[in-house]
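As structure tokens, the structure follows; a few thoughts come after it.
Each chain carries a letter (A, B, C and D) given by its place in the written order, and its residues are counted from 1.
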Amino acid sequence: MELALSTRNLNRRFGSLVVAQDIALELPQGVRYALIGPNGAGKTTLMNLMTGMLAPDSGQIFLAGEDITSLRADTRVRKGLARTFQINALFPRLSPLEAVTLAVLEREGHAHNWWRGLPRFAGPIDEAHAILQSLKIPPTRETRELPYGQQRLLEIALALATRPRVLLLDEPAAGVPKDESAVLFDAIANLSRELTILFIEHDMDVVFRFASRIIVMVGGRILVQGPPDEIARDERVREVYLGKAHA
Amino acid sequence: MKKLVVAAALAAAFGSAHAQQAVKIGMPLTLSGQFADAANQMLNGARTYMKMHGDTVAGRKIELITKDVGGPAPDVAKRLSQELVVRDNVDILAGYVLTPNAMAGGDVSAEAKKFMVVMNAATSVVITKSPYMIRTSVTLPQVMETFGTWAATKGAIKQSYTMVTDYGPGHDSENAFQTAFKAAGGTIVGSVRFPVANPDFSAFVQRAKDLGPESIFIFIPGGAQPAALGKAFAERGIDKKKTRVLGSGETTAEAALKSMGDTALDIITAWHYDYMSSNPLNQKFVKEYQAVSNGRNPDFFSIGGYDGMHAIYETLKKTNGKTDAEAMIAAAKGLKWESPRGPMMIDPDTRDVVQNVYIRRVQKVNNELVNVVFDTIPMVKDPAGERRKKK
Amino acid sequence: MASASSIASTHFHAKVRWHPLEIVFWLCTLLPFVLTPSYLSLASQIAITALFALSLDLILGYAGIVSLGHAAFFGVGAYTAGLLAKHYWSEPLSGLVIAAVAAGVVGYALSHIVVRFRHLALIMLTMGFGLLLHEAANSASALTGGADGLQGFRVPAVLSFKFDMFGRSAYAYSLAVLFLCFLAARRIIHSPFGLALRGIRENALRMPAIGAPSRAHLRKAYTIAAVMAGIAGALLTHTTSTVSLETLSFGRSADVLVILILGGAGRLYGGIIGAVIYMVARDQFSGINPQYWYFWIGLLLVMVVMFLPNGILGGISALYKKSK
Amino acid sequence: MLSSAVGVLFDGFAYGMLLFLLSVGLSVTLGMMNFVNLAHCSFAMVGGYATFHLMTRLGWPFLATLPMAFLAGALISIVLERTLYRHLYRASDLDQCLLTIGIVFISVAAYAWFYTTEQQSIRVPDWLQGAQHVGGMTFANYRMFLVVVGLAITALLILFLEKTRFGARIRAAVDNQRMARGLGIDVDRAFMFTFALGGGLAGLGGALSIQVVGLDPTFALAYLVYVLIVVAVGGLGSIGGSFAAAVVLGISDMAGKYYFPWLGAFLIYLVMVALLMWRPAGLFGKR
């Protein structure tokens, strides 16, 4: 089975603080992975390393078998590795339609065109409009005027617009009230099957409902990874979450 | 038929009225920005002349219209000169503190055929920009070449180290002084240029002091520089026995002397005007000038303005009020008069200023520092202008 | 499905279509020929400054790059046009093209450094390059004429329209070039590249995450802005037949920044409105009071900031929205 | 040759002290409070003209006018902060630029109106005139005075900000407005005081610089460039950074003029560009 994304002994430290130590991951095509662990375990840092926002001290990252360790962040996106952000990183005064269209234009390499008017790019506009409709996001109001839940969906829409092979979701439902997050995860669930997804999540019943495999990370290291039922029974995981005294 | 008579009568009335109509003098000056003080001194010089000689000449009232160029901006100077001609329909253009602005004004004077009087801009080539232009201030070669020749001959100085401000007039003075000094047998041991922006001279004065050449020649513009140079000299002091200090008139201007104190003694300068000169005409001018400018002493910008107005008045008298440029320039050529600075003439061929160049030394006269004149080179023509004639 | 794409394209069409107010504005720019024939040389210099402010708006208003050294490209354009007229030929239209290329080359070269920095470091670097270029022009006085300005050249006319004292052909020439550059700027703003620039301004960190090569976009924007500034510089040389160090000065860079903020950055028309108001106010104030007009211009700036935040256009559009 | 090297270093350091006094206030307001106050040099001019006025019109001795120059600078900055700046703390930095450039224009015109455009200078007391000649080296008295005052002010400033409770409160308020308000710190008063302190130091710097570079109404514009260079190179919000940058730029300017004068004004700009490209956040920049 073709590996969508893998890393080989990835290391990174900030002075004495170890944020990633010999991380070796193998994400096969189309599998839904949850990445869990206590705060400060290095989950977001791992995502930053994989997406090129942060350079590793050593180790390699492969996307569909190709070594992308030295590639710039935007080149990795064009090769199919997209992400969302824990804290919204959107375009306040652009409308969702403009933002998602921009992502599509970048993907198609039209963004450098400085002479033809935007309305002439019907293809990308329609594709963007379709993505927004699929996630039920109103297309034309300015992003800063959207309710928080819809802004979280827009994060995902922007990532989808780059037609990724691997989608990294950094706490997609962070700050979204319980009922709305269910809608959010349903939208994630019925994304296309060949899309490999790795999402960071703290809410255990969401994790166990959506993830087909779980990776547990502590202190910059991968403690254990496996199917949900195995992880549920694993002693070390309970210890990490419930602390030694209760074990 | 009736219409014709009415038109003729109107024209006649208009024609004669013409004689009574005011003579408008348009003056684009740098009244704001770094050279605002120079413009104010020049304007006060012109106003002093009008106060002393009345404001009507050959039956016509004289009216000054000032515009602010704001600094060395020839595009603005040209536009303002054009507007003065087109909108305010001035008869004469005058003023022009800075060379780039005078060059731009010259183009308008030539195109619009307007008599023009440059009251300061000192770069020699300015005068060639319009056939209707005269200059009543000074040209750099006129003073600096004369000074270079004097230094190597009468001044008995063998070597000199030149220090000038790094901009147009500075470069012209450096090369004028150096060529004349070398031609008269002197040798230049080195030269340095001060940046225009940052008027802190201590490093340069220190360097000159350490080199200890037989003499140093300094050129700096008016405004902020003389005082700052004076302070650097006061701080560092120059060993007068080893090094003789030569400079353009600005080096020992009023502000420089005030901040230099006794270190200024024995500094030798060449210039065409000093407000302390004992010439009676000058004493009267200084008194009147102080009244007009609430107590300020005149400097070479002021005398440029004063003599500029004199040239305009005399020319209008000779053309009895007619202001067309051909008549005025013809009347102005060869004009000779006694100015507070000394005898002056407008060169009939080059239309440039011809005047005495005074060699002065700073001495204490009833314990006040004064530039005392101890040698005069009479009626010096602008050498660069003469060379242009031969070409 | 037609309805889906129709909503989408109308969204973009609405933005691109010419608003009647714009057409009225450009017709008004022809009024000076009739109403104020004796102010045409001022009008020509306003048009040139408006073009210069428009070029700054491309990088400041649309890409978020604050530059305090934009006069560098204005000066390069001005000197290129002047030197061309002095040593080769004085036909202005070809002069414009060559000046634009020269400024573009300098802009492209500097853009490689400028795009790597942000915030105060970026502002100070642009200022530093501007000051260095100004010093270079001053010390290369053999070539540039230094502080006395470039001498010995004249640009008599454009297409047989003589440049004269009344400034008629000067204003026509400047206005025509301003309008053409404005059309180009308008196309750029409404193109995919324009959208990418707005993306960078809104959130520079997010752009790489949607696969956008931000630095390449910024380099291109900086070069286009340099070209347009160079054209403005060349226009000044042609219409006044003067070139001086002032075209490279920090004062001119600061003035154009003030003009753009006054008008309102990021609105295409901000630079033009700012130039008209700033230069007419300066001309009138300095006419009334040649020595102290700075006071009134200062007061005008303070008033605009206190009562019309985000510049005149920003303030008016805010009032307009509030009233709706 | 060594003697002149020491001389240049000393002069450069003295000139650096001047630049430091003029720019430390801006580094604090621009760095910590994120307020683009381009009118900072107008505060310096206010101090300079206060000293000039007291000395020449009212006959005060030079040293007595220095505290008054500090007060004048502090007062004008409080007035401006309370009336205008307060409304623009959350405005865009471009609007802050426009407001403060407007104030610079007003100050230039106002001082030209009251004190004419004449280049002013003052008579410092005799013991500050002239120079000491020690083994072939020249140390100008006034420059020694500048060094002493500069070091004293730096020590006082660091002592005050680092050691006193009030200083700590200012740093807290300026560093994180919301948190400071949470702790019950009166942030408005802290901001006002920070501006006053910065303005006062600039006023003192303006007064001290008359003897070196003179004073005229365009001072506010002429020195804005140098102050911005010191703040950018030193690093935002860091007093130590401003000190280091002022000294480095002062010495390199002085050495440039002495050893390679043909470089002239290029040098200080080249040094700035090089330092900024090496350390964009400034030598000790926090952000």
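Note that contacts are C-beta pairs under 8 Å (C-beta built on N, C-alpha and C of every residue); 3 or more make two chains touch, one makes a residue touch a chain.
On a predicted model such as this, the values are computed, not experimentally measured, just so you know.
**Q** Just how many steps, at minimum, does a route from subunit A to subunit C need if it may pass only between touching chains?
**A** Each step joins two touching chains, and the minimum needed here is 1.
**Q** Compute the shortest path length in steps from subunit B to subunit D over the network of touching chains.
**A** 1
**Q** Which chain has its C-alpha centre farthest away from the C-alpha centre of subunit B?
**A** Measuring from the centre of subunit B, the most distant chain centre belongs to A.
**Q** Find the geometric centre of each of subunit B and subunit C from their Cα atoms only, then give the gap between the two centres in Å, rounded to an integer.
**A** 37
**Q** Could you state the distance in Å from the CA-based centre of subunit C to that of subunit D?
**A** 33
**Q** Measure off the straight-line distance from the CA centroid of subunit A to the CA centroid of subunit B, and report it in whole Å.
**A** Taking the mean C-alpha position of each chain, the two centres sit 75 Å apart.
**Q** Go ahead and note the Å separation of the Cα centroids belonging to subunit A and subunit D.
**A** So the centre of subunit A lies 49 Å away from the centre of subunit D.
**Q** Can you list every residue of subunit A that touches 2 or more other chains, as numbers and ranges?
**A** none
**Q** Can you list every residue of subunit C that touches 2 or more other chains, as numbers and ranges?
**A** As it turns out, subunit C has residues touching two or more other chains at 135, 139, 291-294.
**Q** Which subunit B residues reach two or more other chains?
**A** 32, 36, 40, 166, 195-196
**Q** Show me, using the given definition of touch, all chain pairs that touch one another.
**A** Here the touching pairs of chains are A-C, B-C, B-D, C-D.
**Q** Which of the residues in subunit D end up touching subunit C in this complex?
**A** 30, 84, 87-88, 91-95, 97-99, 101-110, 112-113, 117, 225, 228-229, 231-233, 236, 264-266, 269-270, 272-273, 276-277, 280-282, 287
**Q** Quick check on the complex: what are the subunit D residues that touch subunit B?
**A** 4, 7-8, 11, 15, 112, 116-119, 121, 129-131, 138, 140, 142-143, 211-214, 216-218, 222, 253-255, 257-258, 261-262, 264-265, 268
**Q** Show which residues of subunit B lie in contact with subunit C when the two form their complex.
**A** Counting only subunit B, the residues touching subunit C are 29, 31-32, 36, 40, 66-68, 70-79, 82-83, 85-87, 99-100, 103-104, 107-108, 111-112, 123, 125, 166-169, 171, 195-196.
**Q** Help me check something: in the complex, which residues belonging to subunit C touch subunit B?
**A** These residues of subunit C touch subunit B: 38-39, 41-42, 45, 135, 138-139, 141, 145-149, 151, 164-167, 236, 240-246, 251, 286-287, 290-294.
**Q** Within the complex, which stretch of subunit C touches subunit A?
**A** 4-5, 7-9, 11-13, 15-16, 187-188, 190-196, 198-199, 202-203, 205-214, 216-217, 220, 224
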